[in-house]
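Right, one structure below, let's go through it.
Letters A, B, C and D mark the chains as written, and numbering starts fresh at 1 in each.
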């Protein structure tokens, strides 16, 4: 039993994104999802800082100093891309125009609550960025994250302990052990790494796992 | 004693508009004010339909079918002009960015209330257009109108009888008899046509006229 | 490959249904998606609510749609014009409902719908008939009324250029309500004068990004009447 | 002749006063009006409230302004970065006040100020710490919180091109908050890479119209650091 590595997790998310979707990828692991969407499958990537239609990361020598994404990394713009200002960019997010947002998270609850911006009520200089806008605004919110913390605590939980980013927003979670839909019953196992039993997985999960009927 | 004609009224308004102001001129007589601002005094004229920096009316042969103002007349665009969409155009109006709006009116009250969009509570298909936005939004609202109705009833009044456009919005009124500031005391006579006495003017006015101290 | 360009008018207006709210771009004679309105007429959809700045003129576009009895209600800022006889007759006969909205409030209510704002406070209309039945409240000492987002089932938009991703430019005063309405409907349908290759539009000059557009149909009708 | 172009930085920032709220454009290294911030530093204004997406980095621009003790409070969405040590030390020492606002709410609050909206309802932040003390209400079954307009005394903006009327274009991702902030302040000051003749900017391509701009100063600093 080998958990998916970060590349495999990103590829697994990418596999589920159809052509034609408008997609915002959060900072960190979610950003790498774009690398696994083939260029001939046209997916339009959006960045909070007013870039719509991002293309692959440029070679170091080809970087455009004026073209960065929300993670402050240099990016490229595809044919068909457009620049907008921040209010218009967030109108795209908050107005429900994004088909999908993929974020990382500290915790996801079985009702879809997400906590991903602060690890305590008294965090030093908490930083929310666009996470709350994205979580509340996109048509679908998927989370990609490790199944547990480094010290083994589950990140899929009955109720989030960390400060919330949005209520009942997450539709699907991708972890290093599998894929889980957030349903009315709670977490539904959609996919699972080879060789892992439900019992093993349940032991690493803080909420009840359900199986497809 | 000769009342100002419409050209003279428009010219009198134009005289008070300094270079550099952003100005919206309402449909009808207010529109003609622009003809009396010399081109070398740069005043930036705005139209609700997203045209900023209108220039003089074109010759018939030079009309651009795509370039109209809010009164649906063909206009020109000056160097430095810009096109925006309706939400941005009204952000200019409602956000307090216009230095001046000049409107016509049915009535102006001594507290600055203006009625200019409907002549009865049950008007057939009343039409408000951008009047309420302009009256509430511009930094200054001036009114240019005849001093009385065709049948001699005063249009400067203690209290408007027609449905209101905005409360306490008018700062100054230009009529065929003179110019009146709306002050805390009420209408203050700022200018008067030659040969007219205050007593004569008061007889044509529905609210008390005040004189400069 | 994303391709929002559809070959026929029937493809463009497919899915329009009785009872829908239709946002209709254009101001005066400029930027009017009349071909799309004709498409709706040909589909025979009825009982429509139409949001448009004016109530149509002559016997084309919106005026024709009304004349054929397909419009239950019109939401607009300025129904009167020298050629708005169709509307005026229907209105006097009590055959069409009218909701007058200040022009800026109308634009802002649609922008709100497009930007995920449920409602907002504005000074426009305070103390007037437009404030009747609306909540009032002061911010920084300024009286304001609460206006709610205005969303369409369908937006009909006229553009100057469009590419297959649905990126749009407009021409001159033809911009008007078109980009605002494009944001504010579940289904945004565009008639465009010119189809351009993807990449031909400068990313700095695109006015409406394709994210707001569902379908594009090529209608190179030329200039509006002078 | 309208001429908003001023010859010196001192002219550009004239009128800045202690205690003012300053809207500061830029996102990451791009579109940062650092020369104007330096102008504020040279004026020795203090007790400022700064609205900016980030809390500065390194020891230039906003970071330097904070390091010199001129900033009482910062309103931002994302104060953390690999180089935000100045802010973090001040914050830990209790020497600077922090108000965290979701990035989209921050943009929308300034857009509201610029568009004459007193307050608006948004779903962003419902049920989170951001909703504490805020009114909540549902529209179309969606829970929303009330957010108020966020206005500045001064906006500092970086543009790519400007003409003497103050019409602006931006470059690529340098657009970001700059056009939004330009609308939302009593005094909008622009540093521009290029000055162009009036009429050189295509009226269809102007991003911020001169109506939102008070002063322009020429700062051709070149590209942001890679």
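Going forward, a residue touches a chain if its C-beta (ideal position, glycine included) is under 8 Å from a C-beta of that chain, and two chains touch if they have at least 3 such contacts.
A quick note: this is a predicted structure, and the numbers were derived from the prediction, not measured.
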Touching both chain A and chain B (chains): C, D
Interface with more contacting C-beta pairs, comparing B-C to B-D: B-C
Gap in Å, rounded to a whole number, between the CA centres of chain C and chain B: 29
Inter-centroid spacing, chain C versus chain A (mean Cα positions, whole Å): 35
Distance from chain D to chain C - Cα centre to Cα centre, in angstrom: 33
Per-residue multi-chain contacts in chain C, two or more chains: 108, 111, 115-117, 122-124, 170-172, 204, 207
Touching two or more other chains - residues of chain A: 77, 83-84, 87, 90, 93-94, 137
Chain-level touch network, classified as line, ring, star, complete or other: other
Chains that touch, pairwise: A-C, A-D, B-C, B-D, C-D
For the chain D and chain B complex, residues of the former touching the latter: 1-2, 111, 113-117, 163-165, 167, 183, 198-199, 201, 203-204, 206, 209-212
Touching residues on chain B, where the partner in the complex is chain C: 47-51, 63-70, 72, 74, 77, 83-87, 89-90, 93-94, 113, 118, 121, 124-133, 136-137, 163-167
Residues on chain D engaged by chain C in the complex (per definition of touch): 108, 112, 115-124, 137, 139-140, 142, 144, 148-149, 169-172, 202, 204-205, 207
In the complex, chain D residues that touch chain A: 27-30, 55, 77-81, 87-88, 91-92, 98, 100-105, 107-108, 110-111, 122-130, 143, 170-180, 207, 223-226
Chain C contact footprint on chain A (complex, rising order): 19-20, 22, 40, 42, 44, 46, 52-53, 77, 79-84, 87, 90-98, 137
